[in-house]
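Before we start, here is the structure in question, set down as C-alpha cells.
For clarity, chains are labelled A, B, C and D in written order, and residue numbers in each chain start from 1.
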C-alpha cells in the first residue's frame, strides 16, 4: 500500500490545515497512508515523523497556523541534505511527498526531486501570492482580509483625528497584498514594488498636501509593501512628515497578517488543491505544483513557479489608480471650475 | 452633461455600498453626475431622489447594508409602474440607470428597459449567487464567510456535547451558499436543492446513525438550504430525531447572513463591477448585466441572467461529497478489515 | 500528593478552557496533580478519566467549547449515581473536585457533596449568568458580544429594508443576555422574563405602530428572551404582524450564542476563578462556589447559588427603558409641540 | 430651555459614539438641547458646532472612532484659549459641557472650569484606563480584546515556527492594556511600567533561554507596554536576540488598538456614563468626572482623576505572574525530580 508524506514549509499560511485534511482524507479514500513530518524539510532530514489519520483531521480546518509546524531551512540547498531527506523518505517506504509552501519551499521541492526517486508535488501555500502558475495561493485572501480589517480600524481613528497614515503590509517582494488591501481599504495611496520600485517622495508628498489642503478634516491612508522603502515605513513616515509639514503616522501591520482562521475562500481552495494533489500523485505526476487558474485546477512544472514572474492584475491596478485619485477629485473639480 | 441614476433593489448584500462608491467616483471622473433613488424601483416611482457626490463616498465601502436603502416592489411588474419610473427618470434628465440587485431586480430592469429610452445596466448584487452569466455576485462570499463562522461556533458546542445539528442556510432556491458553507465548515452532510430536490429522510438518518455508532463522542453537522425541507429545518430535525433515536438540533441561521462588513473579495468585486458599469454606459450598452467570468469582466443580456439556470460547480460538489463521507471513513475501514 | 479532579458540566460556555488551564497550572504550582473526567458527571460515573498536564494547557485558553467535553446528565440526581461517582473518585485517590458549570451542575455538585468525603468546589460556567452569588459567570460576556454582533448584522439589513425584527436570544429563564444585548444593540424594544413574565401583545404592537408611523423608513428591533412567548419568537412575530399590519420578521439566534472564542474579560475571569478554586481547595473549602462580586473573589455556599434568585441590575433596566423609548422620541416631541 | 454641549477630546476610543447617543437621548428626555463641537476643545474655540438630535443617534453606537471627531490641542493650556472657549459657549447659551476624553482632556476640562461659569462634567474615554476614580474607561476593554486577538494571531504563527515574539501594546505610561492582554493572551512574559520601570535584559533573556531549552518547539510571547524600553520593542527584540542566541521578533501592534466596533461591555458602560452625566448636570454638578466603581456610578472631582495614580489590580498581577512561570513549569519540575 502506497504511503504519502506531507510537509508545510516556510512561512505559515491560513488554510494549510484544511489542505492537510483534504490530503489525508483523499489519500485514505484511495487506500493510501499519510505520514507528516514536522517543521518542513528539516523535519524530514531529522525524521520528525507523525502519522496522520482521518480521525485527527476532524477539527483542524478551522484553525490558522499549521498543525505540522513549519520552519525556514536554508540548509536544504545542500545536496547532502536532499540526499539525507531521500534516505529518510525511503526508510519509511514513502512513494510521494506533498510540499505545501511558497517560493523557497518549492525550490527545496525541486531540489529534492533531483535527488529522490519518489514523486514530489507542490501545493501553493503562502500569503504573498507570489507564485507563477496559479491565480491565488493558500492564505492570500485571508491575509488580505486581515490587512483590510486592520486598515478599517486605523481608518476610524485616522478619521477621528484627521490624520495621515502610512500602513505597511506584507508581501516580501510582491505587491499582491498591497494592491488588494489598498482597494479593499479604499486607500488614498498605494506603493507596491511592481509599480513603483523606486517611489518618489516628492510625488507622494504632493498628493498628500493637495488632499490635505482640499480636505483638512479627512483621513489619508497610503498602503505600502514591506521592503519597498529604505528603512521601512517608519522612515517613510518621517520623511513624509518633513516633506508635507503634516505629521504622517507609521503603522506596520506585521505578523498579525499571517495568523487567524482561514476565510471560506481559503478553506475551499485548500481542500480543492489538497484533493487534487492526491489525484495527481495517483496519476503519476511529479515535479509539479497544483494550482488554480480561472477556476480550473492546473499542474505546472514546479521550477516555473519560481523562475517566472507573476504580474499584478492590471485591471485591479487601474481600478485602484482610478479610485484613489478620485477620493478627493470633487474639490479639485470645483476649484478648476 | 450626462446624468446617471443608481438604485439598490431586493435583498441587501454586503458590498453594495462599495459598488455605489465606484460608480459615483468613476462617473465623476468622466464628467457625469450621479443621482441615487432610495428603496429601489419604488424610490424611482415615488421620486425619492438623493444626489450622490464623491465626498459622500469616503467611508461607505466598509459598511454592510446599503446607504441607498432597498425594498422588494412587486408592483413594478405593471406597465404603468415602469412608465411612471421612466417619467421620473426623464424629468431628472437621467440618461442611464444602474440597478444593483438580484433575480427579481433584474426582471424589473428588463421590464423598465422596454418602457424607457435610457440605458439600463444591471450589477449582480445578491448573496444567493443565483444569477447566470457571472461566476459570483456581490455579497456572496461574505455571506459564505458569515455562515461558516456560525457553523464554526456551532461546531464548538456540538463537539463539547457530542451533538447532531441541522443548520439551515440561505439561498432561496439555489444551493451556492449551502455548498460553499458546507465545504468551508467541514460539514458531515449537505442538502441543496440542485442535488437533492427531494432528499430522503432514511438516507440522511442512516448516515447519522452510522457515524454516531462509530464515533458516539463526535459532533455531526448537516448543512441544509432553506425552502428545501417541508416545514423547514425544525421539522427536519424533528423527523431525524425520530428516525435516528438521537436528538438532532435545528439551527436556522436566518438574517445574520445578509449583514456584516463586506470581506475584501466582495469589496474588490463590487468596485470592479461598479467601475465597469460606468464604462459600459459610456460605451453605449443597455439591457446588459456586468458580470465577471474567470476573472474577466463580461456583459450579458440581462434577461439571460434570470432565464437561464446557473449550475453549481460540479468539482466543488464532488469535493464535498468526497470529504464528507470520509470524515468517519477510517472507522469503517477498520471494521471492514 | 493531593489529586484534584475537574469536570465541565451542562451547556458549554466560552472560557471554560481558560479556567481548566488556570486550575491545572495552579495545582501543579502547589504540587498537586489534576485529572479531568470527560462529559461531566457522566464521565465520573463511567470513569472517562484523562490526566491533565501543564503542557497540554499551552494553547487551550483561546478556544471556545470545552476540551473536557460536557453533557447534561439528569440521572445524577439519583443517590446511586452520586455514590458511584464517589467510588470512582476515591479509586483515583482524588481529594477534591472542581465542577465548572451552571445551575443544574451545581445541584449535582451539592448532591455529590452529600455522598462523598472529598472537597467539592463549583466555578460558575454558564452563558446565562443565572447564578446568585456572583456578578458574572464564565461565558456570559462573550455570549452578549456574540448576540450583539448578530443584532448589528440584522440591524444593517433591517435598516436597508426598513424592517421590524423580533430577535430571540438565549437565557433559559433569565433575562441577563436579553438585557445586555438589548442595550448594546440599541434595541427599540426588550422582553425579558423578570420584567414582563406575561408581555402584552397590544402594548408591543402599539409601540411598533407608533414608531413606524413616525419613522416609516427606519428599522425596529425587539430583543426577546427564549421561553418567554408561547410558541417562540416565530409565533410572536406572526401575532405582531397581524396586530400591527406590518410584517415583523423573526430571528432566533440559537446556538451560535454558545460558541466562539472567549473575549478577554471571560478569559481573565475564568483564570481568576480557576486559580481561586485551587486556593480554596488548599484552604480546605468544600460545598462552595467561587464567584466574583464587585471585583472581589468570594466563596458562596453552593446551594445558595441556585436556591436564591439573581435579580437583573435595575440601573441597566432603567438605562434601556430610558433609551429605547427615546429612539423615536424626537418626532413625538415635535408632534406634541 | 437648557442647552448642553458635548465634545470628544484626545485619542479616540471605541464607545465614544454610544456615549454621545446616551447623552443626546437623555438630554432630550429632560427637555434639553444638545450641541456638539467637532475636534474637541479646538472645536469650541473655533466654534465648529453641530446640533445633535436624537434622530442622528440611531446608528452610531455600533461604530468605532467618534462622530464628533477629536484632536489633541495643547494650546488649550493657555488662559486665553479657555476664555475664548467660554465666550463661544456663552454665545450659544450653553449651560453645561460634557468632555469625553482622558488625562489631558480632563486637565483641559479642569482649566475651563476655572474660566467659565457653566457646568463642566468629564466622562472617562480613553483606551489606556489610566484615570483614577473609575474602575474602567470607555474603550479600554475593546482595546484589550483587539490586542488579545492580535496576540492570538501571532501565537498561531509563532507556534507554527517555534518563535519568540515581543509584542508591544499601547498604554502610554500605564500597564492596564499590557496586564489584561498578557493574561488574556496567555503570554509567557509581561513588562509593564508599574511593575518593572527598568526591566533587566538579563532576567528576561534568562527566562526565554530556560523555556527554549526545555521546550524548543514552543512559542514564547512577551507583552511589553509602549514607552517602556528605550528604542521601543524593535530595539528590545534586537537586544534579546543577542542575549539569548535565539531570534526574537518584534511586533508593535500600534494604532489598530484604537479602532474597531466597541464590544458590548464598552457600549453599555458608555451609555451608563452618558446617561449619568446628564443626570449629574441636572443635579447641578460641575468639575466632576462620572466614573464607575465596583458597579456603581460615582462622581469624582475631576482634578483627582489625573493627580492621583491609579494602581494595577494586584490580584491580576499575581494571577499573570503565577500563570506565566507555570507555562513551562512542568519540565522544570521533572528536572528537579
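Note that a residue touches a chain if its C-beta (ideal position, glycine included) is under 8 Å from a C-beta of that chain, and two chains touch if they have at least 3 such contacts.
Everything quoted here is computed from the prediction, not taken from an experiment.
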Determine the shortest chain-contact distance, in steps, between chain A and chain C. 2
Which chain is most remote from chain D in terms of Cα centres? B
If you average the Cα atoms of chain B and of chain C to get two centres, how far apart are those centres in Å? 33
Could you put a whole-Å number on the gap between the CA centroids of chain B and chain D? 39
In whole angstrom, what separates the CA-based centres of chain A and chain B? 27
Going by the touch rule set out above, which residues of chain A reach two or more other chains? 152, 155, 159
Touch-based graph of the chains, sorted into line, ring, star, complete or other: ring
One finds touching chains in the pairs A-B, A-D, B-C, C-D
Given the complex, residues on chain B that touch chain A span 18, 21-22, 25-26, 28-29, 53-55, 57-59, 61-62, 135, 141, 144-145, 148, 152, 155, 159, 180-181, 183-184, 186, 218, 261, 263-265, 267-268, 271-272, 275, 294-295, 297, 313, 315-316, 319, 322-323, 326-331, 333
Given the complex with chain C, which residues does chain B contribute to the contact? 8, 11-12, 38-39, 63-66, 69-72, 146, 150, 152-162, 165, 217, 249-256, 258-260
